[in-house]
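Below: the structure, in C-alpha cells.
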Amino acid sequence: EDVVKIGQIEALTGATATYGWMSAQGTKVAVEEINAKGGFKVGDRTYKLELQQVDTRGEPREATVQFRKMMEEKVHFVFGPFLTNVFNAIEPIANQNNGKFLLFAGATSAHAALGKPDHDYLLRTWNWDAGSAGFGKLMVDYLKKLNTRKVAMLFQNDAFGKTAVDIYSALLKDAGIELQVELFEPGTKDFSAVLAKLAAGKPDILFPGYSDAVLYDIVRQSTESGFGNRFFLVRGSIGPALKNKDAIEDYIAYVPKYFEGAEKTEPKVRAFIESYQKLFKREFPYDQAPLCSSSCYDHVYMLVEAMQKAGTVDDVAKIRAALMSMTYEGMWRIKYDKTGEAVFGFDVVHVRKGGAIERVPYDPTKE
Amino acid sequence: MSRLTWARSMLDVSNLSVSYGKQKVIREVSFKLEKGEVVTLIGPNAAGKSTTLRTLAGLKKSDRGTIHLAGKDITESSTVDRVRAGLVLVPEGRQIFTKLSVQENLIIGAYHRADRDHASADLERIFSMFPRLRERRDQKAGSMSGGEQQMLAIGRGLMSRPTLMLLDEPTLGLAPIIIEELGRIVRNLAHEGLTILLAEQNAMMALGCADRAYVLQSGRIVTSGNAKELSETTEVKQMYLSA
Amino acid sequence: MKHAILVGLLLALAVPAFIHSDSVLAIAVYGFMAASLAVSFNLIFGFTGQLSMFHAASFGVSAYVVTILVTTFGWNFWLAIVPALAIVVILSLIVGTICFRFKLKEFYFAVVTLAFSEVLRLITLNWNSITNGSLGITIVDTPKIWTPSGTFAIAGGVAWYYLTLALLVVVYGVCSRVLKSWIGRCLAAIRLNDQLGETLGIDVFKYKLLGFAIGSGLAGLVGAFYGFYAGFVEPHFLSISLGLDIIAMVLLGGVNSLIGPVVGALVLTALPHVIELSAELRIALYGSILIFVILVMPKGIVGLLTSRKHAA
Amino acid sequence: MLLDVKSLTKRFGGLTAVSNVAFGIERGEIIGIFGPNGSGKTTTLSLIAGILKPTSGVILWKGNDISTLSPFEVAQQGLVKTFQNPQLFPELTVVEHMRIACHLHIKRELGINRLRTLIGGMPVGLDRLLEQKIDQVLALCRLSSQRNEQAAALSYGGEKMLGVAMGMLCEPELLLLDEPASGLGHDEIANLDAVLRDLKSHGVTLCIIDHKVGFLGRLADRSIALHHGAVIASGKTSDVLADESVVAAYLGKKHA
Amino acid sequence: MTQLVIGQLLNGVIVGTLYGIIALGVTLTFGLTGVVNFALGAFMMLGAYATWYLYDVVGFPYPVAVIGAVVVVSIFGYVSDLALFRFTRGNLVNGLLVSIGMISVFEALVLAAFTTTPKDLTYVLPGALKVAGIVLPKIKVAVAAVFLAVILGTYLALTRTWLGRAAFAYAQNPEAAALMGIRTGRLQTIVVVYSTALAGLGGGLYASMYSIEPTIGSAYVLKAVEAAILAGVGSVLGALGGGIILGISENIGSVFFSSAFRDAYGLVFLILILLVRPGGLFGDRS
C-alpha cells in the first residue's frame, strides 16, 4: 500500500498553542476521514495519508530541527506553521529545500514572502489580514461606515502583534481613522490598567488582541469596569460577545464562518463537526476551532484533489500548478491567487446588545 | 547509692557501637545512669563523647547495641519520641535558633510538653539561673556572645522539663565564674530528681559536680567510678585536671 | 574521568564522518552551544554559588549586538564579537557590582539578576528602531574564516558542528583553567563560607565579580555564534525560560563537576527530539524524566558516576 | 607600637558592647583578653579585624587607621582573626582548607604574575613549598592524620585547631585568636601552648581571648580585662588576674 | 486623572493579593523545606481547572466548587510531598528541578483532559461597585477580601500557635528543632500541603475573574517568587505586602508609561527595595 506523508509543524502545547493545536486537529480529522474511506486514487494507485505532527511548543529553534527532520524524511507536504516567529525561523531552511516540497503556512509573515524567488514551495492558507484581498481593508471600511473616528488597538507584544499593528495602522491611517496602540506581555490576564488608560483617550471602539483567551478577559474587564463596550476584531470568535451580551454595545468580528449558524444550514459544516466529535470524543470547541481546524481540514482535501488532478503524489511543481488553477468547494470556497495566497469567503458578524446577530457574508473568490 | 536496687535505671546503654562510614567511632560502650544521678563522660578530643550523646538523642544511628530509657527500649525511636519520653540533649556548639529572640528560644523548649501553655514559671526559673538571659530576653539569639548562647542552650534544654538531660560540653566558652555557677545548678537539678549526663573536656568542673564518671578514649570506656575517687587518681589528675 | 572526556571528544570529532543527517547535526550544534552555556553558567552557579538569572541576558545581548553590527552596520562577524563581548562584560560588571556591593545573596541575588535580565529583555522587545522589536532580526550572513587556500564560509551542518564543538572546547578550557587556578579556590571559598574567606584575605567582592563576569562573558561568546547558526535573533533569547533551561541542564548533569553540565545539556537538548509521542505524552514524559533522574541521582548524572566531590 | 586601639566604642542599638576601649600591642608579645561572657571581647577583636565597623574610635596599625577597611584588606595587611565558633568550608577536606588559606602567600609571592599561572600553572617550586608548609602546619596542629577527611567530620576540638592552622598559613604579623582553647582537652591545650610559643618565637604577635585562665595566664605576657565593654584592668597578666574587680566579675571565688 | 490613578491603585492592591497568596505558599515552603516550589503555579492552575470543572461542568455551587478544588489540589500536594518533595528536603537545587518537572507533568494532564482551548467560568458575581466615580468589579473585591482573610488568618496562626513557633524554629535549625521534640517531617508535610492548598484556593478564585489555560500558572509563580523575595523570605505579611507592591507598581506604571513594560515596573521597584534592604522589605538585614 502506498502512502503520502503529510507533516505538520505547530505549537501543540505551551503558551502559544491554541491556534496550532486546533489546526492540527482539523488536519487530523481530514486525514482520518480520507484513510477511513480507503484512501484516495491517483492514476491507478491508491494512497493513504500518513500524518506526522510535531510540537514546536512555539519555539522557533525546535521547529528548525523538526523541519530539517521532515525534509530528511522526504515529506513533500508540510502544514504550518501558524506562528510568525516560527515561520521566520524555518524560512531559510525551507528556501534551501525549494522545489522539493510544499509548505502550507498560516503565519502572517508568510504573506510577505509569497512570490519571492526561492519560494516556490510556499502557499499561504489563511489570508486574513494582509494584502489586497485581506480582510483588514474590509473591516476598516465597515468601521468607516459606522462613523468611527478613533480606534484603540490592544495587542499582545509578540511577533504577530507587531505585524498586525503595522498592517492596521497603515489601513486605519488610509481611512482617516485615528489610532491609539497599547501592547501587552503574553500571559497578561488583568487588563484593567491598560484598558483604563486607553479609555482615557476616548476611542470609539476597541480593537483587542487575537486569541480567545485574551478576548474573554478584555471584553469582560472592559465592560464590567465601564472602560468601553464597543469591540472590533479580525480574529477569534463571538463567544465573548455572547457571554457579555447585555454589557456590549457593538461587537464586530471577522469570523471565517459563524459555525453555530452554519451548522444548521450547511451540511458540510455539520458533517465536519460530527466527524470531529466522533474522532476526538469531545465537544466541538466553537470558540476558535472553526478558524483553524476547518481551514486545515479543507486544505487537506484540496491537496488531495490537486494530487489527483496532477496525477502525481510527488511532483510538487505539478501539484502546485494544479492547486493554483483550481477552486475547491469545501466548507469554504477556496482559490489561490497567483502568488500562492489563499482567497476564500468569510463572514462579518455584528453582535449587538442583547445578542442580536447580523451576518454579512463576503466572498472574494467570486470577484 | 541510696536508690532501691530493683528500680530500673534511668538510662541503660549496652554494647553501643557507632561509626561514620567505615570509621568506627564508638566501640561496644556500656554504661548506666540511675535516677537523680549526675554522671560525667570525660575524655580527650575526638574520643567520641559528642557522638555518644548524639546517638543517645537519636540524631545518629548506632550500628549495634541497645539503649533503654527508664526500662523502655528506645534504640529505634526517633529523636522526637525520645524527647517526648523525657530525654533532652543540649547539643555541642549550642545550635540555638539564631533569628528568634532569647525568650522565644526558651519558650520553644517547652514545645513537646503537655502543659506548654503554662511554662512561664519555668521561664522565670531559667531567668533567675542565668540573669543575663533575662536582661537580653528580646535580643536576637544569634547576636548574643558565645557564652550567652551557651547559657541559652542550657536554659532551653531545661524548659522541656526533661527527666534525663544530656549536656554536651556545657562549659564551652563560659567564664570561670559562670562555670562555677553551672556546677551549682547541675547539683541542684539533680537534687530535684533530674538525671544528668555530662560530656566534658573540663574534667575539673565535671568531676566536681558529678556522682560518677566514665572516661572515654578512642571510643572505649577505659575507666569508670566514683567521681571524687577518680579525680584523686594520679592518672586522671595528670591527664585532665591541670588546665 | 579525564580519559572519559578525551574519548568523548574524539568520538565527537568523528561523528560527522558517520552521521549525515542534517537534523541530527542540528541537534548536536544546538547541544554544543547549550553545553557551552551550561558550563559557563556553572562557573557562576556551581563553583561560585551564585544563582545568576542573568545568563540568558548575557547570551541574548551579545547575540543582538553582533547581529545588529553585522546586518545593520555591515561589520565583519569576527570583529563584531569584540564589542559584543565588551558590552556583555560591562553589563555584567554593572549588575554584579550592584548586587555584590549590596551583599545580595542566594535567592535575593537570583531575583535581582532576573529583574535586570527582564528589563533588558523588555528593552530589546520594545526598542523597535534598533532591534526590530518582537519580530527579531533575520540573519542571512554567514561567518567566514580565512585559510591559506582562500576564504571559507561557515555554512551547513558539518562546518557548524566543528565550529560549535571548538566553541565548547574553548569555553570548557577557559572554565577549567580558571577553576584550577587560585581563582578557583577563591571561588570555592566564597561559595562555601564567604565570611571565612574574607578573613583569610580573599577579596570576596572582587572574586565574585570576576567569576560572574567571566561566566557572563562566555555566555556572550556563545550568543555571538548562536544567532548566526539559527538564522535569527529574537527577544526570546533573553527569556527567563532559557535561564531555567540552563539551570535544569546543569542540575541534571551534576553541579559539582565541569563535565556535568555538558552531559546535562546534550541530554536535555536531544531529549525532546528523541521522544516521539503525542504532544501531551511527550511533555509528561519529559517532566517525568527530569523528576526521575534527580530522585535517583540526586547529584546529577555525572555526580552519580563519580562519587568524589569537586576539590577546591 | 604595632597596633594601637584608641577609645574604641561599638553600640548595637541601645547596647554598648565595647565602650571606650584603649590598648596597644607591641611587636612580638602575647597579649591576653579576659572578661565575663558578653563583656565585649569578641566584638573588640571583630572591630580590629574589620568584621565590624566601630561606632567611634580609631585602630592604628603601624600608625595607619584601619578601622574602615574590609576584613580581607585587614588580613592582607597582616592581621588575621580566627573565630570563636569554628568556621569551615563544609564539604572540603582539611588539606583543601589549608590550600585556600595559602591565598595571601601566593598573592604576596606572585602578585600580578598570578595571571600567568592561568596558562602555565603554578610554578613548581612554589607549589612544592606550599605543600610542605601545609604539611608542617598540619603536623603542628595534630591534624595530619585527618588531612584528607572532610572538615565536617572533625570533632569540635579538631575544628578549632583547623581554624588556628588556617590562621597560621596566612602568615600574619598579628594573629587574633578567639578562644582557641575552648573545647580542647588537656593534651591539646598543651600542644596549642607549644605551637603558639613557637609562633611567637618566629616573630608573630598574638592577641588571645580565652576563658581557660590557666592556659592563657601562663601564655600571655600582658593582659587586659573587659567588663561591660570597658577595660577594668590591664597590665601584667598575673596582676590582672589578681585584680579584685576581675575576680569579682569574672573569676569567682574559686580562683581567688 | 485622579480617578484613573486611584482606581488602578485599588486594582493593583487586588491583583497584588493574588500574587500574595501564592507568594505566601512560596515563602512557607521555602522556609520550611528549603525548596522553591515553582510547581505552585501549576497547582494554582489545577485549582482553577478543578473549580471550573466542578462549577461549570458538574454544576456545584461556586463556594463548594472552590472548596472541592482546594481539597483536590491538597491531595495532589500531599501526594507530591510523599512521592517527591520528601526526597529533596533542604536541597534547593534538586527541589527546583523536581518542581520544574512537575510543571510539565501537570500541564500534560490538563491538556489531555481539557485541551488548550481556554475556559471561561460562568460569571459568579457579575457587576461592579461604583464609589465616587471609581468602578471596581464586585468579584475582584470579594476575591481580594477572601485572600486578605486567609493571609491574615495564616499570619495569626503562625504567630500565635505552637505550630507556628515550631515552623519558625524548624526553618532556622532543623536539627535543633528535632531536639525540641518537633515532629519535623510532619511539619514539613503540613506546610507543603498547606502551600499547595493556598495555590489551589488562588486558582479557584482566579477562575472567577479570568479565563483559564494550562499555562496560567507560570506567570503567577514568578510574580509570587518576586513578591516573596521583595518582602523577605519567611515573612507572612511580607508576602502580602510584596504582592501588593508588585500589583500596584505594575498597574500604576502601565498607566503612566507604556504598558509594554508592565512587568518591568515591579522589577525596578524590587531592585530598588533590595538595594536598600538586601534581606527584603520585611526580612532581617543581613
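Think of it as A, B, C, D and E in the order they're written, each chain with its own count starting at 1.
Here is the rule we go by: a residue touches a chain if its C-beta (ideal position, glycine included) is under 8 Å from a C-beta of that chain, and two chains touch if they have at least 3 such contacts.
Bear in mind that the values here come from a model prediction, so they are computed numbers and not experimental data.
Student: Return the chains common to the contact lists of chain A and chain E.
Tutor: Touching chain A and chain E alike, sorted by label: C.
Student: Expressed in steps between touching chains, what is the minimal separation of chain D and chain E?
Tutor: Between chain D and chain E, the shortest chain-hopping route counts 2.
Student: Which chains make contact with chain B and with chain D at once?
Tutor: none
Student: From the C-alpha centres, identify the chain that is farthest from chain D.
Tutor: So the chain farthest away from chain D turns out to be A.
Student: Just the number, please: Cα centre separation of chain B and chain E in whole Å.
Tutor: The separation of the two C-alpha centroids amounts to 44 Å.
Student: Please tell me the distance, in whole Å, between the geometric centres of chain C and chain E computed from their C-alpha atoms.
Tutor: Here the centre of chain E sits 31 Å away from the centre of chain C.
Student: Could you work out how far the Cα centre of chain A sits from that of chain B, in whole Å?
Tutor: Chain centres of chain A and chain B, defined by C-alpha means, are spaced 76 Å apart.
Student: For chain E, which residues are shared contacts with two or more other chains?
Tutor: As it turns out, chain E has residues touching two or more other chains at 107-108, 111, 258, 260, 263.
Student: What are the residues of chain B that contact at least two other chains?
Tutor: Counting only residues that touch two or more other chains, chain B contributes none.
Student: Where in chain A do residues touch two or more other chains at once?
Tutor: 12-13, 21, 157, 183
Student: If we use the touch criterion from the header, which chain pairs count as touching?
Tutor: A-C, A-E, B-D, B-E, C-D, C-E
Student: How about chain C: which of its residues touch chain A in the complex?
Tutor: 21-23, 26-27, 30, 125-126, 128, 133-136, 138, 140, 230-232, 234, 236, 272-273, 279-280, 282-283
Student: Sort out for me which residues of chain B touch chain E in the complex.
Tutor: Interface residues on the chain B side: 57, 59, 79-80, 83-84, 88-89, 91, 95-100, 104, 107-109, 111-112, 116, 156, 160.
Student: Inside the complex, what are the residues of chain D that reach chain B?
Tutor: 12, 15, 35-39, 41-43, 84-86, 153-158, 179, 181-189, 211-215, 249-255
Student: How about chain B: which of its residues touch chain D in the complex?
Tutor: 20, 43-46, 50, 92-94, 132, 139, 143-148, 150-151, 169, 172-181, 201, 203, 239-243
Student: Considering only the defined contacts, which chain E positions touch chain B in the complex?
Tutor: It is residues 162, 165-166, 168-169, 172-173, 175-176, 178-184, 284 of chain E that touch chain B.
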